[in-house]
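Following are the structures in question.
Across the two complexes that follow, chain A remains constant while its partner is chain B and subsequently chain C.
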Partner chain A sequence: MDFYGEVVSLTFKVVGKSIPRIDGLIKASGEAQYAFDLEIPGMLWAKLVRSTIAHGIIKKIDYSEALKVKGVVAVVTGKDLPYKLGIYVGDRDVLAVDRVLWYGQPVVAVVADSLEAAEEAAEKVVVEYEPLPAVLDPEEALKPDAPLLHPKLGEYRRAPGFNPIPGTNIASKYELKKGDPEKAFKEADVVIENKFKAPMVSHVYLETMNVIAWYHRDGTIEIWSSAQSPFAVRYLMSASLGIPLHKIIIHRPFIGGGFGGKAGLNLEPLVALLSKHAGYRPVRLLLSREENFYIAPVRTGIIAYIKTGARKDGRIIAHDSTYIFDSGGYADYAVNVARAAWYKCTGPYDIPNVHCISMAVYTNKVYATAFRGFGHMEFHWAVERQLDILAHELGIDPLEIRLKNALLPGKGVLPTGEKLREDAGRLDQCLIEAAKAIDWGKPPEKPKEPWKVRGKGIAALYKGPAEPPNAAASAIVKFNEDGSVDVLVGTTDYGQGTITSLAQIVAEELGLPIEKVHVRFYLDTDANAYTWQTVGSRSTFQDGNAVLMAARDAKRKILEIASQVLHVRPENLELRDEKVCVKGEPWECVSLQEVVFGYTYPNGHTVGGPVIGVGYHMPERRTYLDPTTGRAPDGSPGAPTIFITFGAQAVEIELDLLTGKVEILRYAGAFDIGKAINPLLVKGQIYGGAVMAMSLGLFEELKYGKDGRLLNPNLTDYKVARAGDIPKKMIPIIIENPQADGPYGARGLAENVMIALPAAIANAIYNATGVNIYEMPMTPENILKAIKEQKPELIEKAKKALMEYLEKKG
Partner chain B sequence: MKITLTVNGKKYEVDVKPNETLLDVLRDKIGIKSVKAGCWRGECGICTVLLDGKPVKSCLVLAAEADGSEIVTVEGLMKDGRLAPLQKAFIEHGAIQCGFCTSAFVLTAHWLLSRNPNVTREEVIEAINGLICRCTGYEQIIEAILAAAKYYKK
Partner chain C sequence: MSLILPKFEYYKPSTLDEALELLAKFKGDARILAGGTDLIVDLRSRIKKPKAVIDIKGIKELHKLEYIEGKGLIVGATVTLNELLEHPIVKSKFHVLYDSVRQLADMQLRNRATLVGNICNASPAADSAPALLVLDAKVKAVSKRGERVIEIKDFFKWVKKTALEPDEMVTEVFIPEPPEGSRGKYYKATRNVEDLAIVGVAGLVAYPNEPSKRIVRLAYASVAPTPIRIYEVEELFKRDEPLPKLIDEAVNIALRKVSPITDVRGSDWYRRHLVDVLTRKLLIELFLEG
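Our next item is the complex of A and B:
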């Protein structure tokens, strides 16, 4: 039986319906348990001592006074924990060993029987450093005389396809070429070159990082963690500590937000080892918000150079870009962020001649990791701004230039040489729909206050999951005695709505009411089905396909049992409304409940047994990429992603020329997701992502002093969007061109809703003022600065308008 | 010192330290974990509870100051295990994603609608502006609160 089945022609009972999230009740009632809420009797508390310099050698650590504090159980330093961590490059210390790489890096851990005692003792630890020159800017870090953060870079373990350059600060570097860009630039009618920047930012998930770990005497480790990808935590711990996988059990309760910030391995190995050092007692580490700012990984910053060559009619014929991602002190996910930006470097456009370099560069700041969008917001900021600048130069409408160059299904060729599949999403439809929704082409209404101006902007995007070609998902669908099912998956739903969508898929396939489908909320790695990670908007597609296959497997088993009872071949039976009936004779049935645990005849003889369906999803025909060419190792086109979700984001803004403040009057986001399994939850992603993206675009930036010290480690100085900041009107647009191998045709969405919005805002600012913004965030100060540099007369005019307005008012 | 708190209608006598916050007492001594924390310094608002009917950030209130007061947490809005209209509206309107902020928004909205069931969108925004939700973009929270308002009209 083909488990993918038909895609388009089905009518659905549960899939496609706006069912409220199945974990809504337990969350609304306050019962949902987060890692933050858990306690283990007798657990100890850990507190970390952080580096007070940005770069230097640890000379001496004196914790004799700390040991004297009542209640202290253990004090542990980096030397006690001789392991190297890292998902793609094994460069990370559990606690700094002989060198600190950023201001705030954990150096010593204190374990005590209360948080107060641990805090008191931590303050008594004295660390002596020999400071080294620090480098905070990734471009500076590339210079030959820059201080080197990882002199042993060449000795670290690394995953295939990653490319650290020993003797430099380059954690990984990639290059690709398509066509003949040198020649094409010569033939272009216009060539423009620009530099764009975006800073490092914080995820600000509301539940700060926290872990409870218990190293048992039998060598088993149990961990309760606010982690997105429990199976990755387990795998990476096993690989770096040399402990077999089955000896590590990760318990993942509800998670108070993640957004990529909790994607990998973070504090778990540290707390596990502290538990061992504290005599095999459970230990908890809970970061305060300030500690979270200093210690937990952040989003990469970018410096992007783009050169574009185009013909007069707006057709782009050459693209050359260099993306320099700020990785902070360790490589973590940043090296894969740079990689994802590399193989998608052109943005969603079909450009025949391309040369791209992308790299992740070490600097003396906290390390960078995944962040919803995975580098795509950063490089789309550059690509989508560049495209508008080109459009203005050529006198072409920004919507038109995008339509002219859009990657289209069955035709477009990606930078790696891969042709876009025929059933890929339609960028042209996304662009047209988003533009229509904000009345593109019609000039905005005049603002009431004459010192304000309005403008419209649009930007396009594309992204697929950045994962290895064998990143699997699996699922188990387990029937219960009463005909209800338990579904075991490996993915984490920290708000995206995945488990509700997965329940809908199972209900649809098995003809069950959604109430009879239970997807396990709390995950344990020794009980749930495996999935690689919860990242990259992969869950609906991959875990969705896995549950679909598992449900179909269960169905096959049910029909086999029913076949023996009804004396018809399985293919002549159908399963619906919790009954198995003979096709064409719907009165010849047996109830689901009668067969899912085996059918018992009146005399007691029983056939069949408990029905359990299993399923998996493995990326198909995906390849590794050669970091020097972007092609597969055998030289054929590189195929990195299982799907690409296209989208377009359009805004109408109002800008106050006197204060520099931007307000979004209308926002429209259109995304081709193949099939919305649950439109209500899809809408939630579109709204939530828009506001987060707006917040990043307008407000957010981790600010560092010259000494490398973070200047805004709190939610007063680090501003995130509040209800009063959101767009006046948001218009979500779902486009459904199904992909044959997606579950019911669906593709992922949760990251794509972020990617192009900041560029759309900046494009609208240009539309309103003729001023180009090159740097995020677009704070009022930064906008005013750009206006003063490029069009100071606007401010004078606005001042005059204000005076006249006040006079008129009397 | 000993203080008395009435939490969701039930009386508790607890021993507290002078520097202990209401947040810590509710979570660690009384065991009400629906009250969350995201900053411990009055910035995120997700530790909000109702103190004598008014929303307060429990991380900023010393337990000693709350002596003798009446506290309502999200459990206190429910009746016989049944959800209050606001809780239902939050679920139905997609106003919950990770759920970490939900109690704080529901309690704040309850206070708002109890005083003024005829709220406008602007008034809702003003009332919840002190709270951070990083997931939902606030839109569906606003919709849920406006939709639940009808249950507060006499």
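Our next item is the complex of A and C:
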């Protein structure tokens, strides 16, 4: 460990300690309240009528029979809700207007005084469509004769830095160039080109989307929602409905998971408007799991083309990639996913000559949004597989080729021309530690059954928050009469453990025991401090810094009051163990409790008052990016992210050549996070992220029929990992090279723990069999198919081994 | 899928006669509710819209799990899968049944789901069905008109269709004592640890090393419209020929008899491949154990 880390860890009392999550008990006991649990007297129920075709014109909607159902209060169609939504491109209808874009898109909403009545009425709504040809594959959607999903793309509102191409299905397109790739490809000793794919997947958060909204007669709107980023919900609603921010109040109770799927604006404006149409009565919309599969946004799929040029010694000199992200029916966050993949297109490698194109493309499927990793798993799948293919072509060890090309602090240059900061994380250390943990270089042990094989694989990753250069965070630290504090932040903890780490930061700064710090679990946008969003692994860094600043602000105010009591200048006082004491004379003190609400002299006079600290964090020296160059608007290097967390993930697997089933025998993940505020929670992220990434890599895929119908809208056929699927051995490795502007040196982690694992598994499969997998998920059938295509003799050999087993043992 | 159940009349009789009375009264427009792990799903998705639901969990006489030495095992209609697994005789004698039920769904589900419900649902993927097929189980069907015994091989008629008449219900399944010295096993290929079978294979083997006495039975899930037993392989194994050769032939017969489809769980190609390798593996293990 380095000098700084050594010194600080000796002096920390709360930061760096493995404190169990402070919201754990009430979650485990069932006392934590979710939007699902809430009820308002007189509340109505909404039910959505969904499109039964993938693409088409709405000819006629007949809801006369629905209105006759007893208890029905209102029936609302898209035409009644003339607003366009969308965070980066304003392309989204509240309910489909004129045209439906996917099978399952909400077309009509019914509001009734009971769920039964709403469901009965919804079944009576008749919608007539004129079907249009549907396009499901983003590459098909790029063809000139492909059906257009958004003929009015050119007229939509768009955020700076986004680049929709009117007259096409391209929701946004980006391109960048660094060095001279054409020349470098000519000079390369080897050039390899490959195509990789990953499907759209679902977040499968435990709590399905649900919203209660109450449009009040005074024009304020109250919303209770399972939303990750309540301030973004408020801002985007305000912008799209034209209602001032203070008139919209978002209440965010506990959330049953989000993983990015609840990052943006989803059903909230619809339910708010339904409340108005229902006569200013509160309305609830709650999606069943199946409805959630059809209606709620999913993760982008990708088709990736990569061309790599390298020298014989393994040094990569040229990279050319085109990433085609499947955005589904609307742009939503997918256009920013494509953007994030664009400016980080090379993966964590220092490549002098680069040409990258990335785009989000409309298709007739449910729209795509943020998903833990924000496009990085998708394009790292391509980059990290490609690198192994290159390594084998050159006869170089996969670990060595990564070390040779790794982006290193103070030296490496990112695709946007930005030089990596000197106190950035160390990819080389992550790679070496992860490799060591699975005995890299030692051949795996022989499996017991001769029809199985084993292999090892490694893959590297990097990612930082994909956010605008002015994405703010703020915090309020409020002292109570007894010297305890309430902390108000804007971030949402739906499992990451953030509020516990934030409590630790406050306790550390104010010299308080953690029990005296309460971070408010619930959030109301009219009470809590602001943060832009809970996305991009930004909370520990940004909200952490804001909390740190607020705690220091409170401390300054405390010392000012104590200074008047003890008659010593504030800089000569210190705050520790819930006392303010004179430096050097630790017996001259006043207790914290005596000063945090102002000090009261024995005669009743007072000085000071209740202490409230405020703080904020703003990204510094970050830039917008020109979508055609990747540079800042003034042509200087583009600087998109406030930090980059590097990591490496390594696995040893066993593959059954008879069935194609792969099992992870051991997994090691190493991440340079600067400083672990709470190592226990960090490890929790590393374990949980590995399971989720494994699940995506091996099982998960939204499957569509030719007609665009989702074939697996349920958990019977959309498979996610279960307890029994979890790898038996997982080794978390925390590396701490601090970043100067992080809180105590910390960087974010929550997404990084996912990104490279599927590629590591595929690389291990290659190591075991010599068979390349280009497509996720690696289901037994898909693996077996790849073996059959590339090395059918392996299956025959395995069968023979099985039969010989009988002869030998029998 | 709807959030709520459709409207139906709910009955919870406490005697079998009452239940049979209701079945007769509703003439096929009533469904029996045992564990409900299939029925509730079908109701919520409106695949089934019965007028009445008859909950049989209150009928004491159906909660019968009894082993009669030398004869066999009686499993009543409300016996849950976990109750079955916990019965020591099931583990020690009815290996193939134990092995298949052990792999059916998960712990929570098996706390509710019943064996009889599994076969009455008549899914081609029913995990207990191949085991019951190789064990020659007998299904007791009862109605107001009387009772009859249906051989399990005649019980499954088509996807989700049984030989039951609309007014009949199953009161119990009888599983005769397995052949002396026999061993059984169930292989289930799945996408992840908890899944419906892509392919399920049940095998029962006795006297593997004495061709004249040798017994080999194979049955499959998820390879045809119903669970199927492939009788054609059984004579084959009476031949005094090297086992690998017999296994090769058995696999070929099985591959001719199955008719798998392509669905979200797997392609017909993969299912055929699984029939091939799982049959081999299963037989080899059973031969080696024997």
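To be clear about the criterion, the second predicted complex is superposed on the first by the 800 of 810 C-alpha atoms of A that agree within 3 Å, B and C clash if a C-alpha of one lies under 4 Å from a C-alpha of the other, contacts with A are read in each partner's own complex, and residues count from 1 in each chain.
Keep this in mind: a contact is a pair of C-beta atoms (placed from the backbone, for glycine too) under 8 Å apart; a residue touches a chain by one contact, two chains touch by 3 or more.
Small disclaimer: the values here were computed from a predicted structure and weren't measured.
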Mind working out whether A:Ala32 is in touch with chain B, chain C, both or neither, as first, second, both or neither?
first
Partner chain in contact with A:Lys703 - chain B first, chain C second, else both or neither:
second
By the touch definition at the top of the document, which applies to A:Leu711: first (chain B), second (chain C), both, or neither?
second
Touching A:Leu658 in the superposition: chain B (first), chain C (second), both, neither?
second
Regarding the shared-chain residue A:Leu548, is it in contact with chain B (first), chain C (second), both, or neither?
neither
Of the partners chain B and chain C, which touch A:Leu427 in the superposed model: first, second, both, neither?
neither
Looking at A:Arg722 after the superposition, I want to know if it touches chain B, chain C, both of them or none. Which is it: first, second, both, neither?
both
First, second, both or neither for A:Ser288, with chain B first and chain C second:
both
Chain A: partner with more touched residues, chain B or chain C
B
Output check: A:Cys356 vs chain B and chain C. Expected answer is one of first, second, both, neither. What do you get?
neither
Footprint intersection on chain A (chain B / chain C) at 288-289, 714, 716, 720-724
Which positions of chain A touch chain B when the two form their complex?
20-21, 23-25, 27-34, 36-37, 203-208, 254-259, 288-289, 494-497, 680-681, 683-684, 687-692, 714-716, 720-724, 726, 730
Contacts from chain C onto chain A in the complex sit at residues 1-4, 45, 106, 189, 191-196, 198, 243-244, 247, 264-267, 270, 273-274, 276-278, 280-281, 284, 287-288
Mind listing the chain B positions that touch chain A in their complex?
27, 32-34, 36-41, 43-44, 46, 73-75, 78, 83, 87-88, 90-92, 94, 96-103, 106, 124-126, 128-142
Which of the residues in chain A come into contact with chain C in the complex?
115-116, 119, 286, 288-291, 658-659, 695, 698-699, 703, 711-712, 714, 716-717, 719-725, 779-781, 784-785, 799, 802-803, 805-807, 809-810
